[in-house]
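See the structures that follow.
In what follows, subunit A forms one complex with subunit B and a second complex with subunit C.
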Partner chain A sequence: MHIPDGYLGPYTCAFFYLIMIPIWYRAFRWLKNLRPNQVPLLGVLTAFSFLVMMYNMPVPGGTTAHIVGGTIIAILVSPWAATVSLTVVLLIQALFFGDGGITTYAANVFNMGVVLPFVGYYTYRFFTQKIRVNEIVSSGIGAYIGIVTAATMAGIELGIQPYIQPGYCPYTLSVSVPAMAIAHLITAGPAAAVVTGAVIWYVKKSRPDLFAMRTITKVRW
Partner chain B sequence: MDRVTKTLLAIVGVMIILSPIGILLVWNYNGAWGEWDVKTIEGMVGHRLPGMEKLSEVWNHAVLPDYNVPGWEDKLHASIGYIISAVVGTALVFVIYYALVKFTTGGGAST
Partner chain C sequence: MTMGFIEDTAREVLEFTTEAVFSERYARKDGLLQKLDPRLKIVSLILLVATVVSLQDIRVIGAFYLLALALAVLSKLPTTEFTKRVWVFIPIFTGVIAIPSIFMLPGETAFKILDIRATWEGIRWATLFTLRVATTVSYAVLFTMTSRWNEMVSALASFRVPDMVITITTLTYRYVFLLAKLLLDAMHARRARLVGELGMMESWREAGKHIGATFIKANTLGEELYYAMLSRGYVNEVQPLGEFRFDNLDYAFSALTALIVILAVAFTRGLL
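Coming up: the complex of A and B.
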């Protein structure tokens, strides 16, 4: 899901930098709400996100996909915290490992650091609070829908390039969207659901207060 | 540091050691869709992509490109290169994360 430099034309890149400015402003301001005991937790979760993306999984057809960990951070800390984490992780990946890009950085943060955790988090909230589904199952559903939505978003960004300006990503929406969506529907999505469910299960078991507190005080982000 | 953070830290350590699974499992695969290098995708579509050629050059200073030490091509070396990358990446995450927390909170939320 890391769009490399060259796949998105200058207009698309500039557009995503523009929409990321207020989002970054809000997310970095949110960091002030981090309680001192949450500081190491978010740090470790950020490292977890970096590492989990190194676990490439085979997708039938010859390509690969990985999970992101954004929904876990969104549920355990806050979706804004996930934006901060992914901003850090994607910068390191682009600068030091050539994964993703500089011109596409804002678009990649938007997909994996905004769309993924917010869709994942609100899906989870919808299932736990409106339908009263068990928290672990809801977190898995959230992670699944979050990553598939983010991948579809990346597919749309890639697929609109031929209509804007030729010379960048050559594939149109009819190719890029199914390619990105299917890889995550069948491989990364189920993996994200299982990993997220397992982490939430463990944390709920050892720190039920993290979850109880949220329902009692109706924390709003 | 609470118990959950400690356990997650241990998981991070295990994930670093086991990271080569992430390349060995997909050794003969083509990588992720839409992440091919310029030459590969130009070969796939059969024509040149001038815009992509230009923009793809903006950053080529990655120290460990593709999470590997350049030239370490065989499975054993690539696995070692991958573990080195996992260690370097994790260290960078902590350095930048703590710098960011310190900067945005003015050092107030220090541990």
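Coming up: the complex of A and C.
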């Protein structure tokens, strides 16, 4: 889902940098809610999501997909924590691993660090609180909808390029959106759902106290 | 399908991080880019890549690609490894997108395969797109291969990136390595007790358990780390690595970057 440099035109890139400024401001302000002893924790959790993202899982058809881990952090800590983590992960990936791009950095953070964890988290909340589905199933549904929405978003960003300026992504929305969405609906989505559900189940079973981590921060839930 | 993929990934992460990044092999060489002020390097990288992304002229982008190659030579990077790192993935990812468009864009016919028409317009577009991606990737790889992590983080700190973000970035970098090792150990332990093969769903669930266990370990580590830092005098802020100094080489390089960017923009706007 990492959009590399050269796929999005300059206007789209600039637009996402503008959109991300207030979001980053809000996310970094959220960091102040952390107690000092939680800062190293967020660092370790970011390393964790970095690692999770490098897991290429086998999917039908011989290709691989990766999950993002955004929904896991969003559910276990907070969606803002996921935004901060993904901002850092994508920065390291863009600068030191050549994954993703520099001009497309803001767009990538928007898809994977904002859309994915927030959609994933609120879907999870909706299912646990309104429909009263158990937490494990809800977290799986959240992760699934989160990753598919983020991929569709990436598809839209790529698909509007031909309408703005030629020379970037050549395919219109009718090609790029189904391509991104279907790949994630049938491959990365189910993998993200099963893995997220399993993580939540495992953490709940062996360290239920960690679910209380949300209450450690001063944020109201 | 076994849990092999998890193991492979953990091993790959470990090997890649130790080999390519932690060893900082090329970053220690005595080349041009290695000598530059890290702040200048970040700014130039952003400027050059942004310029390449906004260019529409194949010749100008080609010139930028040659410039990247020249910089690689001046920075004493092995040319084969440099080109390999750039071009290995491009045919796979960019090619898949670029090649069909040769046949899809309307325009004058260039050649025909069976009854499918390739257009000059399509060829021009595919070349422009592939060359642009290759050039931006070249600059990113140049930067990656010639930079030392510590200096980059200090440079980010001097751009007023919040302290907290710098701390988190530093810890992330350190802990990716450790967590990958912990995970690999756990995988080996599990594998030694595994009889038979796992199905795809089972392998996903296994991955979930391992990721869950890693999350719990990460948590414990985070707390221990904080107390370790505290006992060594951590006061919720990072001390930068010392002052950077701009010398003549840095001034020359900034002037060169500015000139190249202005020339490229002027040329594409028809001012030259």
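Rule of thumb we're sticking to: the second predicted complex is superposed on the first by the 192 of 221 C-alpha atoms of A that agree within 3 Å, B and C clash if a C-alpha of one lies under 4 Å from a C-alpha of the other, contacts with A are read in each partner's own complex, and residues count from 1 in each chain.
The rule is simple: a contact is a pair of C-beta atoms (placed from the backbone, for glycine too) under 8 Å apart; a residue touches a chain by one contact, two chains touch by 3 or more.
Since we're looking at a predicted model, the values are computed, not measured.
Peer 1: Quick check on the superposition: with subunit A as the shared anchor, is it clash or fit for subunit B versus subunit C?
Peer 2: With subunit A as the common anchor, subunit B and subunit C collide in the superposed model.
Peer 1: Given the touch rule stated above, what does A:3 touch, subunit B (first), subunit C (second), both, or neither?
Peer 2: first
Peer 1: Would you check which partner chain A:136 touches, where first means subunit B only, second means subunit C only, and both and neither mean what they say?
Peer 2: In the superposition, A:136 touches no partner, neither subunit B nor subunit C.
Peer 1: Now for A:88: first (subunit B), second (subunit C), both, or neither, which partner does it touch?
Peer 2: After superposing on A, A:88 lies in contact with both subunit B and subunit C.
Peer 1: Is A:196 touching anything from subunit B or subunit C once the two structures are fitted on A? First, second, both or neither.
Peer 2: second
Peer 1: Which partner chains sit in contact with A:180 here, subunit B, subunit C, both or neither? Use first/second/both/neither.
Peer 2: Once the two structures are laid over each other on A, A:180 reaches subunit B alone.
Peer 1: Is A:154 touching the first partner subunit B, the second partner subunit C, both, or neither of them?
Peer 2: Touch status of A:154: first partner only.
Peer 1: Following superposition on the C-alpha atoms of chain A, which segment of subunit C from the set 62-70, 134-142 or 152-160 overlaps subunit B?
Peer 2: With the two structures superposed, the offending stretch of subunit C is 134-142.
Peer 1: Per the definitions at the top, what is the overlap between the subunit A residues touching subunit B and those touching subunit C?
Peer 2: Looking at subunit A, the two contact sets intersect at 4-7, 9-10, 28, 31, 36-37, 39-48, 50-52, 54-58, 64, 84-85, 88-89, 91-92, 94-98, 101-103, 166-171, 202-203, 206-207, 210.
Peer 1: Considering the complex alone, what residue numbers of subunit C touch subunit A?
Peer 2: Interface residues on the subunit C side: 1, 5-6, 9, 12-13, 21, 45-46, 49-50, 52-54, 56, 85, 93, 97-98, 101, 104-105, 125, 128-129, 132-133, 135-137, 140-141, 143-144, 147, 149, 152, 162, 164-165, 167-176, 178-180, 183, 200-201, 203-205, 207-209, 211-216, 218-219, 221-223, 225-227, 229, 236.
Peer 1: Would you tell me which residues of subunit A are touching subunit C in their complex?
Peer 2: For this pair, the touching residues of subunit A are 4-10, 13, 28, 31, 36-48, 50-52, 54-58, 60, 64, 69, 72, 76, 84-85, 87-89, 91-92, 94-98, 101-103, 166-171, 191, 194-203, 206-207, 210.
Peer 1: In the complex of these two chains, what residues of subunit A are touching subunit B?
Peer 2: 1-7, 9-10, 28-29, 31-32, 34-37, 39-48, 50-52, 54-59, 62-66, 84-85, 88-89, 91-99, 101-103, 154-155, 158, 165-171, 176, 179-180, 183, 202-203, 206-207, 210
Peer 1: In the complex, go through subunit B and note every residue touching subunit A.
Peer 2: It comes out as residues 1-5, 7-9, 11-12, 15-16, 19, 21-23, 25-26, 29-35, 37-38, 41, 45, 49-67, 82, 85-86, 88-90, 92-94, 96-98, 100-101, 104-105, 108-111.
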